[in-house]
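Down below are the structures I want you to see.
Both complexes below contain chain A, partnered by chain B and then by chain C.
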Partner chain A sequence: MSMAGNIPLRPHQDLRPRVALILIGAALVLILGRNLLPPGLMRAPDWLVLPFADWINVIFAFLRDDLGLIHVTRAFAAMLEWLLDVTANLLYGKNRWPRLGPLPWSAVAVSMAALGWWLGGWRLAALSGGTFVWIAVMGQWQWAMETLSVIAIAAPFSVLLGLVMGIMAWRWTWAAKLMNPVLNVAQSLPHFAYMIPVVVFIGVGPKAGAIVTIIFSVPPMIRMTELGLRKVPEEVVESGKMGGATAWQLLRKVRIPTARTEILIGVNQVIMQCLAMVVLASFIGMPGLGQKLLQLLQALKIGLSVEIGITIVLIAVVLDRLSKAWAMRQPVHHDETLPWARRHPVLVVWALALVAAFALAQIFPLLHQVPRAQALSVAGPLDVLVDGFIRLVDPVTTWLRWFLITWVLIPLRDGMLWLPFTAVLTGIAAAGWSVGGWRSAAVVVAFFGLIALSGWWDRAMITVYMVGFSVFIAALIGLPLGIWAARSETRAGRMLLLCDSLQTFPSFIYLIPVVMLFGVNDVAVVAAVVTFAAVPLIRYTIEGLRGVPAELVEAAHMSGTTRRQMLWHVRLPMALPVMMVGLNQSVMFSLFMVIIAAFIGTQDLGQELQRALSATDVGKGLVLGLAVAFMGLAVDHLIRRWSESRSAALGL
Partner chain B sequence: MTRTSRPVRAVAFALAPFAFAFPAFAQDSGDPIVIPIHNWSSQIVMSHAIGQIFEGMGNSVEYVSTDSQAVYEAIRLGDAALEVEVWEGAFGASFDAAKEKGGIHEAGNHNAVTREDWWYPLWTKEACPGLPDWEALNACASAFATPETGDKGRFLGGPVDWLKHDAEKVEALDMNFTVVNAGSAAALWAELAAAERDKTPIVLFNWTPNFAEAVWPGEFVEFPKWEAGCDSDPAVGPHPDKVYDCGNPADGYLKIAAWDGMPEKWPGAYAVLQKVSFTNPQIAEMAKLVDVDGMEPEDAATAWLAANEATWKPWLE
Partner chain C sequence: MTRSDPVISCRNVWKIFGPRPMDALAQLRADPQARPDRHVTAVHDVTLDIMPGEMLVVMGLSGSGKSTLVRCLSRLNEITAGEILIEGRDIGKMSESELIDLRRRKMGMVFQSFGLLPNRNALENVAFPLEMRGQSRASRIARAREMLALVGLKGRESYFPRELSGGQQQRVGIARSLAVEPDIWFLDEPFSALDPLIRREMQDEFLRLKAILKKTIIFITHDFDEALRLADRIAIMKDGRVEQCDTPDRIVLEPATEYVARFTAEIDRARVIHASGLAEPLTGRSAEGPALPGGQTLREMARHLVADRRDWIPVADAQGRTTGVLERARALDILLGEHV
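And now, the complex of A and B:
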């Protein structure tokens, strides 16, 4: 059906390749005639470079001092701080109201196990209880609780805020129209960029950490709430109306429960995003695991920081499973005649175990708190392992470093910087035009044009070159791995689990071994970025290949295709739209990671962002952050357009 | 009882008689004194040591991790109360800028000198025996060549936001070196640790007091001596037409900064803070307890205080 619908081409679609070709020709002319170009076509002339940063700083100074916004934000922060102090007291005994804590670790572990049991049976109980035992036994209790005391406030806050904003976006079109571009930018803005205004308006400390975590984690919640509410079938709403429900009752009792699945996916995303911020937020005062991790890395204690990384991954896995189990959970209806205890066995067991834990913790101090000196550690063997690995691959990496630097990276980078900016813009316009006509061309040119106007063109090109090369290498590794893993269900499952772990493992830990392997240079940066950027490529290749309709594979099989033909002519073309989503995410991840790789030592936008953060220069930070975001949005636009037309052509 | 509070209480008991002896301390506000900590050990241990002394006086103290440059803005606004390590070379500019805006001042000066300059681990001397003289270093620049720098030697500098003038120095002294900036101190140590494996010659940015001295023995490169004005007046230094034709000052200050509101809010604690002064060996010892002996910073602070009562008890009088 869709094939037939695609045959009568609209006339202007015919023109697209031709216009794109003309644009590519123009770009080539600009490149070939480079030496004859006036300097104004090489780089944006000075009069075109607009002082965006100064404007933003003026606006911020006005908001903060003249409008007195700082009092509002500080008041809000004070409220948040009060909440943070309560959890901080309960979890790690900070000297604040209600002065009850800290709870013994055994009591917390027992409670988490009970929660796991209630939501998902004994396996989940073992996983979540076991994780908290690991944290205690490894002597990381205090740090983990410091982290969780912030997340325990930030995550619910984010969920609530997302829910309200999602409802607004669903209810009023203007709100959706307003929010959509803001959310797009927010989700592609590097974390450092919005940490600077937070320092200015909120200050430093756990409260600032909580606020950046909320800002970072709220967009998916808004998106999922809006999506869920839009998907509620009209019949359901109708039946609610017939029952005489008011608008508020309809929302609370009909729409939100029906949109439950999407909303809970949003909750799950919020939790994951919160954990992703653990390390970065410690730059502005979030206490706990992230802060400790940075300190340990600073003293080159890789084994100990890997231990912390494992804890962060474990906490992420536990919270992920718990929230997913909660999403899947259907209400259980008990026989009312049964005694109370029989109806709530988990509650009874939990209460008993909790009492036992408190009592035992009084007798055995080790069940209350495991001191660092008595904690177990796997750091020694881990250090030996890392060290041995580095020694083993050293000859290869030395050669690789020399080869990549001399023959690939330096020429590529010089090439990018050598190009006139007008040629780059024309080339981008060509890509836009061929994918989506003049509209797309205008969108992507606007994004990159603004970067040129900001005056950060050279740095932006270095970022582009590093992201481009990293994604290329990531594709070389990720696609074959994904194809290989998609062959069997068990392999795919294991690979996806590995992907999840790699994604939540704090990226800062990679930075040190790559420097040891390659030194402070772009090879180290690329190596760190590739580790991160390959993950979505692997994941979506697997998802895409597994999502190919079985009938199609069956039909191709019957017509006698070989395995190779099946892959190249049936499975891959069908999976391509999904794989492109992976590519899109891979570009996003690379952009984030390249910025973080400023801690290795880069000369791109990330380095300047790092500088802006330490100088608390809001204007500069936002301009640089937006430059990164615009690159991401331009790529996102191109890939999305392409993928949409491709899916339509395939009839998916 | 938490891991941190046990040693804290131990100190509190040790100090209890002093608290009674000096009722003036009772005027201190009950709000916690917020001490910022950064990502290097000596600063963290020193912050905890001073914090534990304050706690012994009956004050409540909280530690918050912050960026080491952004902290001056936080102190200026009263979000943090003090900074125990203000390095002339690294943070002098941020400190001065914040002082100009108001809200922060110098509360004390450690009896320590800081030095930040080009530095090499001792094994480098085998490849370049003329060290620590800078001209000898320049003569064997090729020993420090890397793929990124081609024939020139590589000098591994600190992060750009430390605002060092290494590239200007290379230019002014006409050295055969290229400056490559690492993005963090951790990246510097990672390179150093990697170089140690096969004793590769390396010259990088380093400073004292620092834990690295204990792990990797080494020396600073001796440049033409620093003279005041070397960074602004071309006439100063060996080259009459160049600025930065000299090494960094070998005796930079190490100060203590405090929020302007501190003397009023916590007069007792502030009076002690003004007397606080640590020496280079003491600071190196604090870092060593954590970086080499593997202690936790708060435990290291307690241990240090217990072992050095003679140093800090007089500050309370």
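And now, the complex of A and C:
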């Protein structure tokens, strides 16, 4: 097998490095000649800055008032609110129809345990039931149920919407062509950018939270549905056709059931996205765990925030495990001669336990509701513990904070702001050109050029420096950790499990420990972003290294490589394309995190986005959101291009 | 229609994959050796007739177009040119609903990788085509049980595909294809995904079913031995063309092309050739004494051929009528090898 055969040979390929070098040279000239540059080349001149925000505002005003779209959205929101009231009544006793609730917490916990048992055995039952016991005992029932009652409505809506749109994208090429770029942008828009239009159309509160959650969580469902339908084996479809199925029967009885696993993984992603968004929706007045956490963090009540944080993490892990277990569940046959009860033991036990829970709740009110006054709390001792710990590490963190701010962060930021925007654009063009020729250069320059034209260049550069620096530090930590973990099977397994769990946590959670350690400043933001961004790097490093074909490793062993040679000459080069996927995710995660972290104090796009949110300025909010998305998409384009051509060259 | 009309009739069928198949077709019609860019000719001007109750095996290596041909016959693939008649009706001109109706009543198909629905158990998989045509639940379940019993899977009705072995999964596939009592039975490399011992067992099972059911069968395989073992007639395909379509005896005795000859070269011909295949007409020759049964292979009557001293031995058909004579020397040559 010749490697050269796999590389698409293009006549201009040899020119690429040369053009890239010329562009780098041009960028250097612009930087060195900075003092001689006309101001128009330093920053986009005023006449070039286009009032995108005003245009968007005009469009939204037109949609909202002239087209009367607001009546449609309000009607939809009213319908949604009715549904939300039903779950709110059942879960935490909001005084609305059907006025049955609240269900005793013990009944809910028993049901969740039964669900866990049915889907994944007794371990999952213990985790799932235990989580709800913890919530009740810690007196967080009301908040947690406020959060879950929204997820219970938003997730099914989102799944249904995603399913229909995914089927459309699979069925019609034009729909896929239309949706693909929209989904790309949608999946790189920061959370807050979704909130502002919703506030304009719906207002604030639970229903706005539910709607923003639905919109935010739809894209992965569309993607997974389309992927699943495309992956259905041709022979299964043909066997359906030969069975005389009509097009509709094929879709409903052959394609969708066969794509079950992918579709359910889509459901899993929807649920996790819902949780992440619901927690953040506290910024637009969504009550629940997120709002509580936000208040406590702002008041620097660490012990109580940690309690809430634990609850959110537990809920995230439970929802993730349950929905994944559902996706991976394989049908098992039952001996038909056994009686019904023996074939459905979970159902029987659940029914009995449910009756018992209701009965006991009548006798012991504590099993029905745990009032705040009687709830347990570990906040007191936790605060003492944390205080002690902080006093212990304070000299270190204070020094670190001082060092980072004075010697790294501020110089870096000033450096980024000092650069002429033309030099940055030329440098980006060089990167694009070396990776994918003039097309890639044009794509990335267009993305960054639009940011320059939006007039938010300085803020964007602050975001770039924070993301760049954080990803750099994350790589310094994540890559060696990944390489170390990949050395043994069990260690790799454990590390991957840890990374999996960390990735299910809503991003908001990462702020608790960093605020605790560093207070409210840039260093805390960087620390949060670094932690969040290191996870995908570790994960993909392990997966890349473990994915190197065993035959290749054996061949290298037989050639007498040392461990170091093996790593540098065999494993790392083969794993690099996969590791770059991790880097790509890492950059995306950092962008999201930097924006979220804005409320603990940054001066970048995130801070402006927060301001736009409080002023409900749709135009400004969307422009800022798109600026963030464009940065993400440009990086995504560069890394993906590089990784693809590298994989092709390696024949992977 | 009479008994001797073909069930399936292909007339100059072409199937070309690519962005502009019609242009490629024009090019190929002008010059049969042409290789149009970005196009693959999977079926190249194929004309075939398949008689009622006949079993035709389509044999070819991977990429020879055999699977595409069978998918054209069931219109899973639309053909580029030519026509395919099923019982005299052009399936290319059928509407969607007529085609669905035809598949629901007349056709059954078995797939190489089984094509079972993972979310349905064996019984529900077999009942699937019956469900599609709207049969009541009770009657389709009863029929599906019957079919599973026929293929030897009684007691496994509630098992899901992933709980069954490859051979068992294919038995489910076979039961499903037979559930609608089709007249035409397509089998696309049904045993290729199975390991050799199971394959042998499934071939025996297949011969048993074939004897009971008496259907028109189109069987695809890449295994020449399998083709020889099962076929009434074999069509050997290469690059989309049918190189030769004939009985196993004649393919072994008189390969039409060099390509076919290469296949037959390594074959133990005595196991394939039947007495009737080697027999010559009675004209002018007198042969006396006991006749050989025409349906036996030379290998099966080897002992007799060696012991019998007659130069010309009569051959009789199943009813005991003498149909021809066999030259003993030639039979011994085939049996023992010509150059000793």
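In this text, the second predicted complex is superposed on the first by the 618 of 652 C-alpha atoms of A that agree within 3 Å, B and C clash if a C-alpha of one lies under 4 Å from a C-alpha of the other, contacts with A are read in each partner's own complex, and residues count from 1 in each chain.
Quick note on the criterion: a residue touches a chain if its C-beta (ideal position, glycine included) is under 8 Å from a C-beta of that chain, and two chains touch if they have at least 3 such contacts.
Just so you know, these numbers come straight off a predicted model, no measurement behind them.
Participant: Quick check on the superposition: with chain A as the shared anchor, is it clash or fit for chain B versus chain C?
Facilitator: Partners fit side by side after overlay.
Participant: Touch test for A:401: chain B only (first), chain C only (second), both, or neither?
Facilitator: first
Participant: Looking at the overlay, does A:295 come into contact with chain B only (first), chain C only (second), both, or neither?
Facilitator: The first partner, chain B, only.
Participant: Could you say whether A:249 touches chain B, chain C, both of them, or neither, answering first, second, both or neither?
Facilitator: Once the two structures are laid over each other on A, A:249 reaches chain C alone.
Participant: Going by the touch definition up top, name the partner, chain B or chain C, that contacts more of chain A.
Facilitator: Tallying touched residues of chain A, the top partner is B.
Participant: Determine, under the contact definition given at the top, whether A:550 touches first (chain B), second (chain C), both, or neither.
Facilitator: Neither partner.
Participant: What is the contact status of A:558 with respect to chain B (first) and chain C (second): first, second, both, or neither?
Facilitator: neither
Participant: Please work out whether A:336 is in contact with chain B alone, chain C alone, both, or neither, and reply first, second, both or neither.
Facilitator: In the superposition, A:336 touches chain C alone.
Participant: By the touch definition at the top of the document, which applies to A:238: first (chain B), second (chain C), both, or neither?
Facilitator: The answer is second: A:238 touches chain C but not chain B.
Participant: With the two complexes overlaid on chain A, what is the closest approach of chain B to chain C, counting only CA atoms, in Å?
Facilitator: In the combined three-chain model, chain B comes within 43 Å of chain C at the C-alpha level.
Participant: Could you pull out which residues of chain A sit against chain B in one structure and against chain C in the other?
Facilitator: In chain A, nothing is touched by chain B and also by chain C.
Participant: Taking the touch rule as given, give the residues of chain B at its contact with chain A in the complex, in rising order.
Facilitator: 1-5, 32, 34, 36, 39-41, 44, 60, 62, 64-71, 73-74, 77, 79-80, 94, 146-148, 156, 159-161, 180-187, 189-191, 193-194, 197-198, 211, 290-291, 296-297, 299
Participant: Per the contact definition, I'd like the list of chain A residues that touch chain B in the complex.
Facilitator: Residues 92-95, 102, 141-142, 199, 203-206, 282-287, 291, 294-295, 297-300, 368-369, 371-373, 390-391, 394, 401-402, 405-406, 410, 511-513, 515-517, 519-522, 597-602, 607, 610-611, 613-616 of chain A touch chain B in their complex.
Participant: What residues on chain C touch chain A, complex-wise?
Facilitator: 71, 74, 76, 96, 100-101, 103-104, 107-109, 111-121, 128-129, 131-133, 157-160, 162-163, 173, 176-177, 180, 186
Participant: Can you name the residues of chain A that touch chain C in the complex?
Facilitator: My answer: residues 233, 235-236, 238-246, 249, 253-254, 257-258, 260, 330-336.
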